[in-house]
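You will see subunit A twice below: alongside subunit B first, and alongside subunit C after that.
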Partner chain A sequence: MISLETITERIKEKPIPSMVAFQILKVIEDENHSLKDVVQLVENDASLTSEVLRMANSAAYYRGSEVTTINRAVLLMGEMMVVGVAICASSSIVYNSPLEGYDSKTGDMWEHSLRSAIASREITKFAKKSIPPGLAFTAGLLHDIGKSVISEFLVGRTEKMTELCETHQVHDYLEAEQLTIGTDHCTIGYELAKHWSLPEALCYAIRDHHHPQHASEEYKTLTYSVHLGDLIAMIGGSGTGADSLAYTVDNAYEGYFDITKEQLNKVLLIVENDFQTIKDILMSEGKA
Partner chain B sequence: MKIMYVGVGEYAASKEKTIKTMALGSCVAIIVLDTKNRAVGMLHVALPESSINKKRAAERPGMFADTGIPKLLDEMKKLGYTGEKKLIVKLAGGASIMDPNNTFNIGKRNILAVKKILWRFQLGAIAEDVGGSISRTVSVDINSGKVIISSPGRGDWEL
Partner chain C sequence: MIETILVADDSSTARMIIKRCIEIAGFMNASFIEATDGKEALQLAKENKVDLLITDLNMPNMDGQTLMKHVKASPRLHDLPVVVISSASNKKIETELIENGAFAVVNKPITPASVAKALDNLLQQDQWG
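Coming up: the complex of A and B.
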């Protein structure tokens, strides 16, 4: 078996995303923040400024006149989208590499993360205890970062792992990972999140997203949001390859959320819709 | 080979091109073959009933089983399908996450709805690869009429 040290060594090699994304996140977690604070943070980062302006002027947002100020761009795109752009732009090695060990192609990880983020945000509307939707969005965006580390160690073992799941030798894909390499994408994702000095809430949401019952009471609603958001993305057809759908719903979510089958269907529609909008933006960018 | 891709909530029919849809989770692909006219068709539905969002159903009828199936049949009619010789129907997808309480079992509800609507048009599937907890990509070959399913980490097989 591969040693855990070999895997954790790889964590140190993953570039740390730009801190500005997390600074913006911290600011918008406070409901009383002002737009000016966000704008200032973006303006302090030259590459993010150009990326945000480029996006605001793409076909999806274009409203007949060129957007030249960050102030207008943030108003147009929404703050969460700006955070998404910042995280993605600064950690493309995590999001835009194929996860070979999961038999997953380039772009799958980004699509799954984005859909999970949208779904995690939507699901907070049904939470019994309110949490910032922006926090759930970001946790959703980051929940699978561990896969970018362990993927290479799973190469050549994928078929055996799917077989383990289908013959019910393991309970879910997480267990197949543990059996194969002695650890899993949640544990390694947590280590990577700590290495990146992410806020505690995000670290724990990443660690516990498949077993939210293990989260501390303080982070339960957030962790369940990500748990459900992740599953909703997979149900909608967006996973990261071989492990898609090979997980179990933790039904204790009912203690933290009130959601009916009908409402769930509506969430699926919103996720599909919002995702397509964002995808169109990215595609129109590519053509530009 | 010419391939036409069908996205979520989309449908297509052709006499020249292979039709393919990617990564079905709980969504269902309805694949139809008109042997008389050598035409194939496919619909990728996401949800059972259009009643949950009429506006969305008007914009994209293929999202829902009840509004999508009639649209797919219309497309087949444009290519000569008359109903005289029944279409061959195959189904794929409708997977689910493991959920003891069934709330998240949208796949199963999609399959049921699709079958109900097909029945309304006096159609039934002769083959299906549905359910379970796997993601499926499916294509129907215009030359051979073969329906091929693939899934990451599991290779591909014929339906």
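Coming up: the complex of A and C.
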């Protein structure tokens, strides 16, 4: 078992991704905020400004004419997508480091998170109770941040954990983590999210994404979106190593979404398509 | 009927993902034998009754292509269906592998859907052949 103090120290060591991202999150939490507040925050950060404009002019968003102002770019992409861009662009320590404890190579975490984010966003289109797609995108992007903290404590124990799953001694990989180090990536992700002062909705979606039935009613739709988004990314071949496909689907999602198996398959295709588009943009700039 | 599957890959994580994909694809009752390289896989194929060999191409000691050549040259193993996992999504390489005796080529990343397609085709052929 790893002591809570040791893990808490590691959480404190994780640099906060981007102050701007969280400032925007705070602003948009207020229902009465204006677009001008968000635009101003983006414009105050030169690298984020260029990143947002680049995304807005990419094939994923291009609408026939060049986007030259942040005002138009934010309108086009949505505020939460801008937050997502800011988090990803400034968190290479979380997204571009190998997760050795999961036997996962550099880039896997980024790819899995981005695919989960796209899938979570797409799933919201079928929600019985409407939630902002951008919020689901950001929650999908962040859902596995706990792995970046606990990975080092799992090094050398991966095969044993896999064996626990294969011999059905545990229900899923989350339980294998708990049995091995006394905690899991959801719990630690939640602690990291709190340390970063993320909005409550994101903290709880991170904490409950493998057990969405535990989420409060207020956050159930969001948490189930991330739960399904995560599984869709894995089913599409993108996981983070040893825990890939080692979780079960909570079928109670049917109470929160009107979605058929065929529509889920369509989401898989959209994820692949959107992911390749975004990846091509980043690769062309040498950023992925 | 696919009862016993021999999975050859030098990465234990990759072997495990292959097994999970096969199970999710609906082959819940299949049992697995694992090999960490081509040499071990060939030995295990000779010693056991195996219904299917799934192999990676890049492995130490003996790679997947050499393994397949040995399997196809063996009178006892000649009919063992071989599914090759390839990291190159290249039609030419795929054609070459099929010409050399692979039943199917599954490109990485391996998914339950791609495994299901290969195994369903195998079962259909089995039914008619």
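One rule holds for everything that comes next: the second predicted complex is superposed on the first by the 235 of 288 C-alpha atoms of A that agree within 3 Å, B and C clash if a C-alpha of one lies under 4 Å from a C-alpha of the other, contacts with A are read in each partner's own complex, and residues count from 1 in each chain.
Note that in this section contacts are C-beta pairs under 8 Å (C-beta built on N, C-alpha and C of every residue); 3 or more make two chains touch, one makes a residue touch a chain.
It should be emphasised that the depicted structure is a prediction, and the values quoted were computed from it without experimental measurement.
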{"item": "Combined model on subunit A: subunit C and subunit B, fit or clash", "value": "clash"}
{"item": "Touching partner for A:236 - first (subunit B), second (subunit C), both, neither", "value": "both"}
{"item": "Greater subunit A contact set [subunit C / subunit B]", "value": "B"}
{"item": "Partner chain(s) touched by A:217 [first = subunit B, second = subunit C, both, neither]", "value": "neither"}
{"item": "Contacts of A:103 with subunit B and subunit C, given as first, second, both or neither", "value": "both"}
{"item": "First, second, both or neither for A:269, with subunit B first and subunit C second", "value": "first"}
{"item": "First, second, both or neither for A:31, with subunit B first and subunit C second", "value": "neither"}
{"item": "First (subunit B), second (subunit C), both or neither touched by A:172", "value": "first"}
{"item": "Touched partner set for A:246, first subunit B, second subunit C, both or neither", "value": "both"}
{"item": "Partner chain(s) touched by A:158 [first = subunit B, second = subunit C, both, neither]", "value": "both"}
{"item": "Shared subunit A contacts, counted only where both subunit B and subunit C touch the same residue", "value": "103-104, 158-159, 162, 166, 235-239, 241-242, 244-246"}
{"item": "Subunit A - residues contacting subunit B, complex", "value": "102-104, 158-159, 161-162, 165-166, 172, 231, 234-239, 241-242, 244-249, 251, 254, 259, 261-262, 264-266, 268-269, 272-273"}
{"item": "Complex contacts: residues of subunit C adjacent to subunit A", "value": "11-13, 16-17, 19-21, 24, 108-114"}
{"item": "Complex contacts: residues of subunit B adjacent to subunit A", "value": "8-9, 22-27, 46-48, 52-53, 56, 63, 95-101, 103-104, 106-107, 109, 132-135, 151-155"}
{"item": "Subunit C partner contacts - residues on subunit A that touch it in the complex", "value": "103-104, 158-159, 162, 166, 235-239, 241-242, 244-246"}
